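After this come two complexes, each holding chain A, first together with chain B and then together with chain C.
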Partner chain A sequence: MHDARELESYIRRKFAEHVGLSEAELFSEDLTLAALISRSPKMTNSVDLMEAFARTSNGLRKDYGLRVRLPALSLDTPVSKVLDVFLHEVLNPERKSA
Partner chain B sequence: MSAVHFEETSLTLRVRPNDLDSLGHVNNATALEYLEAGRWGWLERHGLSRGGMVVAVVSRVEVDYRREIPPGDVVVRTVLESPAADELDEDGLNYRARFRQHVFLGEGGPLAVEAVVSVAFLDAASRSLASLQQFLVAARGGAVASRESSS
Partner chain C sequence: MTIQTPKAQSVEVSLPPSPSPFNGGAVAEGRPAIMLELHDALTRQGLSLVDLTWEQQRLHESRRWSVVEMLGAVDFTRLSDSDRHLVWNAGRAELTTKPGADRLERLADLECRRWLEKDPTVAAIMQACGTWSRYWNEEEAHHETAFNRLSTVMRLEPVSNATFIEFRKVFPDDDMLRTLTLLAISEVVAAVNYGQCAAIIQDPGLKALFKQVAADEIQHMTYFVAFAKALVDSGAYKAKEAFAVAHLFLRDGGEVHGSKRERVEARGTHVNWWDHLEHREGMYTPDALHKKEQLIFHALKRITGITVDSREAVEDTWMDLVGC
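And then the complex of A and B:
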């Protein structure tokens, strides 16, 4: 069983890294996904956003052996909701795999 | 986990008379066609066929025109830049492939065009986003005609 705080910290760090924004900018302002795409120096459209989700998911699989089903979320979703969805996935035993 | 490796490919094309504009050099939009031909050549070189239920669509093009292209041969070099070899495996998940492409004036000639092309993947039936891994499975299976289109 992985520590929830450790996983949350990992997800925050990796997602910020793939988006190209600081964790502070990303989470303290609780940006929507649309705002995130607009501010990110690495993103142009929602395909880039999904790639950032996917890379975070790939990291969880490689580093923790956890699989995450990527969320289908609208662009007005705040990033805190995305974090909640990821955490739910990794902490739900039914979602885990080797 | 199985890693996937793709090599850089090279495709030689002959400039057609109708590729030229009133200045006698290749029109800028035609250079994009050369780049697309280079990507199809890349797929063919790696045994990935057109068709299947997942199609590639261009989601972004960044292009620098370095010099004019006169009549003659051009060489299009195409490499998958992202995901990098250590980021791509068949058990993973990627939604975007990014190609770096160069068009040279003949083999060993000077650089004429440099581009970075991002490609996404769509399920042809549902028109929803698909992954690069799903595309690879479909493209290895081969099938009927498909196309690469702008989105």
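And then the complex of A and C:
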């Protein structure tokens, strides 16, 4: 069983890296996904967002052996909720995201 | 051919048949067809943009049909409420194709100039695509006007100018391979829907119209797949972009479910037609999800060479292609 705090820290770091924003900017303001796409220097639309989720998931698989199915979330979802969904998936690997 | 001279004299000019690259220079040309191996045609076969445009023109001409004649064959007294609703939905949906084609023309030309020095073959693929967009636009005009004219004649709920203008919003730009894959999948969904409509409609005139439009959409899908494949074959574009768009449609709650989804994303930038189909109690609604999935898998195979046979395989392949 992996440490939840360690996993949260990893997801925050990797997701911020793939989005191209600092962790502080991403999480302290609790940006929505729409705002995140608009601010990110790497993103144009929700396909780019899907790719950032995929890269983060692939990192979890490579570094922790955890298989996470990608969440499909609406663009008004705040990043804190994204983090919750990721953690929930990591800690409950049998379940799939809605 | 007749040419008017400055003195208004008619001069008959016989133009010799030009050598055709498709039949070794013989006069007779084969049946017009979509160039499925476009990258190979431009490189190994050495075809020019003029050659490709001639093929596009020949195919377009061979497929032309008259909206006025087709509407004349519809017997309004035989149409059910459900048939009328299908026509109304189709007319609104088709309003979004003009901005799609306008945008493709502009994006293809921009991309053509961006690639011109770096890779002239990619530039030529882009220009062939932008050139073809004029035929796509014209053919989609047939669909839009046919269905909306039927709606008007049958006094169905009018499309307001506000809706017309809203549905004409031009889509934001994106990577060209993603754009072409999205357009191919949009045509798959439209073609299957129209095919389903044609199967259930009893009036021969309206049935023929839906069948004709479905056949046009399949032809458009084939063109988009051919252009997308050429970009992948060039090595300049990565297969992951095609898989990303397929996953966007096929994932849980994905675009392929359109307005049947519990929640449809509110977009201020443009209108995705599949998000705006209205489903009404007791009225037939086309679906055929399995058929759409199979056609999308087939399109992915043709574009990228990678075989997939399930939604999960699309997601897994895409994630492998994305990497960490």
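Note that the second predicted complex is superposed on the first by the 93 of 98 C-alpha atoms of A that agree within 3 Å, B and C clash if a C-alpha of one lies under 4 Å from a C-alpha of the other, contacts with A are read in each partner's own complex, and residues count from 1 in each chain.
Operating definition for what follows: a contact is a pair of C-beta atoms (placed from the backbone, for glycine too) under 8 Å apart; a residue touches a chain by one contact, two chains touch by 3 or more.
Here the structure is a predicted model, which means the values were calculated and not measured.
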item	value
Combined model on chain A: chain C and chain B, fit or clash	clash
First (chain B), second (chain C), both or neither touched by A:E51	both
First, second, both or neither for A:K42, with chain B first and chain C second	neither
Which superposed partner A:R12 touches (first chain B, second chain C, both, neither)	neither
First (chain B), second (chain C), both or neither touched by A:S74	second
Dominant toucher of chain A (residue count), chain B or chain C	C
Offending stretch of chain C which, after superposing on A, collides with chain B (from 6-14, 24-32, 96-104 or 114-122)	114-122
Chain B/chain C common contact set on chain A	44-45, 47, 50-51, 54-55, 57-58, 70
Touching residues (chain side chain B, partner chain A) in the complex	59-60, 87, 91-96, 118, 120, 129, 131
Touch list for chain A against partner chain B, complex	44-45, 47-48, 50-51, 53-55, 57-58, 61, 70
Partner chain A, residues of chain C touching it in the complex	172-175, 178, 241, 244-245, 247-248, 251-254, 263, 265, 315, 318-319, 322-324
Chain A to chain C touching residues, read off their complex	44-47, 50-51, 54-55, 57-59, 62, 69-70, 72, 74-75, 96-98
